[in-house]
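Look at the two complexes coming up: chain A is in both, with chain B in one and chain C in the other.
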Partner chain A sequence: MRRYVPVAVLVFAVYIVFSGSVSPYDLVIGALLAVGVSLAASRYLVRDPSKACSIGRFARLVWYALYYLTVAEFRAHRKVIGIILSRDMPVRPAIVRVPYRARGEYTVVASANSITNTPGTVVVDIDTDKSLFYVHWIYAEGLDPETAYENILKDFETRLSRVFE
Partner chain B sequence: MRRHIVLVSIVLSVSALAYATTYLGALGPLGFDTRLLAKLFLVYAYNPGAPELTVMSPEAVTSIVWDFRGVDTLYETVVFYMAIVAALAIYRGIGYSSSGVRGAGLSLIVRVVTKILIPMNVAIAVSIAAHGHLTPGGGFQAGAALAVVSVLLAVVFSALSFGKLGVSLARAVALRSAGLLTIAAVVLAPVAFGVATGIRGFLMQNYVKLDSPLAFPTHVSGQLISGTLIWLNLAEFFAVSFGFFVIFMLLSLREDVVREQLGEEHEH
Partner chain C sequence: MIEEVVRYAGLAMLVAGGFINLVGAVGLIRFRNFYLRLHAATVSTIGGTFYPLLGLALISLSTPELGEWRFFMGGSLLTAAFILLMLAPAGSHALARATHRASVARPEPVIADHLEEDRGG
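Coming up: the complex of A and B.
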């Protein structure tokens, strides 16, 4: 039963927000749709219902989103703006191997997207067999995987592990 | 020094353009005069005061598409139906073969993001269909939005994912046909009702006419459903989305499989 809650809530919320209406008509259609889609899709999206319905994990996800959109983005932007505004273009571009520790696919994908969405770093490929991201780094502090991990991934992965792992 | 020149010239030109467009009317006069034709549609789309002329839908485009020129839309739907019949005829007897391929799809990142997006895509498509008589959108637009799911499945998870998810050509054709049959039922209902009761009824009749009192219900417990429009939109949603499913499933067939099976047919 609890397995179906997260997808149902997601679908209902998207339906209501996109419709821009909370009339009885939309509440009924949204609820029916949420139940139907959740019954069909939950087995592909929810592996562990106790994690998916955890309020604590959801709170940590919201906290991560706030942290990411303010602090992490600000730091990354400050670096790249510094590069853009300086006259001698201090770039040291490289594609580096970044090993990830996380096992859950949501942690891995959220980490990869966090890296890509901050300016200066882009995940260009992923090797799930070797647990590696290949990351294009505009100013590579070092080429060895551990330096890259410490600088690019560690912060995101640690925080996201508390949400998804 | 040169930087300053660049900066000053950018500021000056942007300011000049902003001033010209805002105060000097550089874009020409705005079209405030609504043409008579547009006025007629706007006045009659939703007008309980003129029941024999109105569609009872505040969405003027849907009013035009499914009522004022409803038969035209009906024929467009038939043309689309025939195009899919032709595609099915060309690909007849050709099935999915999973032999020798793994169907890996794209990377883990794309797959996980896509599997979260698909339920949201369905919610948005249904919203567009269910509000077709109230806001811009409608059955065709909603069907196109839902059909994106079939492209995502084929590209992101590989064409073999259709079989794993229980999406088959036969089911898509059946759902599309259900949509088309519903459209036919709504179109014919006033005529059938008229024949049964001796009251005059017209094909695709939505609301009362000068010489016919028949009307589909326009409200259900206070919610405007605009007579036939909601049913036609929902049925068109099914017909179009699963029609596109059929097309995209056929297009995602492996070329070597199709060639092999077509080749066999030519030899016989």
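Coming up: the complex of A and C.
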């Protein structure tokens, strides 16, 4: 039972926000959709119901989103915009190995998405056996995996581990 | 009063997004290879698409002339922004991975390519 609740709540919330109305018609359709989608999809989406129901984890996800969308993005945008607009375009491009510590699939996907969404770093490939991201880095501060981890991933992964791990 | 503040915040996001998109376009032209251009494209994903959509949502929510429809517009813009935030990197990943696998674009200039080394290059 607890497996189905988080998915249903999420679907219902998205439906209500998207339709922008709380008329009885929308409430009924939203509830029906929420029940149907969560019955069909929960077993693929939720592996550990106690994690998915945790309010604390959800709060940390919101906090991560706020931090990521303001501080991290602002820093990265300023850097890449600086490179684009400068006269000689100082780039030091490299594809580096970045080892990740996370075990959960959600953490790995969210980390990779965060890295790619910040300008200046793009995940090119992933090696799940060796737990490595291959990241194209526009201004490589260093080539060894530890420097790359410290500069690119550490910040995101530690915060996301508190949400998903 | 609060409506004015929200509307101007939305307008500021919209203007900033326009500027960032312009910079991204300049970067697409000035960078010299595929991978560097990909970085210019990701500049336009967050700064040039996510924030302007958020700004448009704020503007529509703070425009009472739209009546009930402002919630519909604001809500769908908000949903679109967050779905884009989650799905846009999937496209970048697919492009970068496929390009590297097929070796159709050399990552030149480059100071190190560990992916090439590990793949037995």
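The working rule: the second predicted complex is superposed on the first by the 165 of 165 C-alpha atoms of A that agree within 3 Å, B and C clash if a C-alpha of one lies under 4 Å from a C-alpha of the other, contacts with A are read in each partner's own complex, and residues count from 1 in each chain.
Please note the rule applied: contacts are C-beta pairs under 8 Å (C-beta built on N, C-alpha and C of every residue); 3 or more make two chains touch, one makes a residue touch a chain.
Since we're looking at a predicted model, the values are computed, not measured.
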item	value
Contacts of A:33 with chain B and chain C, given as first, second, both or neither	first
Which of chain B and chain C A:112 touches, first, second, both or neither	both
First (chain B), second (chain C), both or neither touched by A:24	first
Which of chain B and chain C A:81 touches, first, second, both or neither	second
Which of chain B and chain C A:11 touches, first, second, both or neither	first
Partner chain(s) touched by A:95 [first = chain B, second = chain C, both, neither]	second
Per-residue contact with chain A, leading partner among chain C and chain B	C
First, second, both or neither for A:136, with chain B first and chain C second	second
Touched partner set for A:122, first chain B, second chain C, both or neither	second
Intersection of the chain A residues that touch chain B with those that touch chain C	14, 18-19, 112-113, 123, 125
Interface residues, chain A side, partner chain C - complex	14, 16-21, 69, 73, 77, 80-81, 84-85, 89, 91-97, 112-113, 116-120, 122-125, 127, 132, 134, 136, 138, 140, 143
Residue ranges of chain B in contact with chain A within the complex	107-109, 112-113, 115-116, 118-120, 122-124, 126-127, 130-131, 221, 223
List of chain C residues in touch with chain A within their complex	20, 23-24, 26-27, 30-31, 35-36, 38-40, 42-43, 45-47, 50, 68-76, 78-79, 85-86, 88-90, 92-93, 96-97, 100-101, 107, 109-116, 118
Parts of chain A lying in touch with chain B, wherever the complex brings them together	7, 10-12, 14-15, 18-19, 23-26, 29-30, 33-34, 37-38, 41, 44-45, 105-106, 108-109, 112-113, 123, 125-126, 128
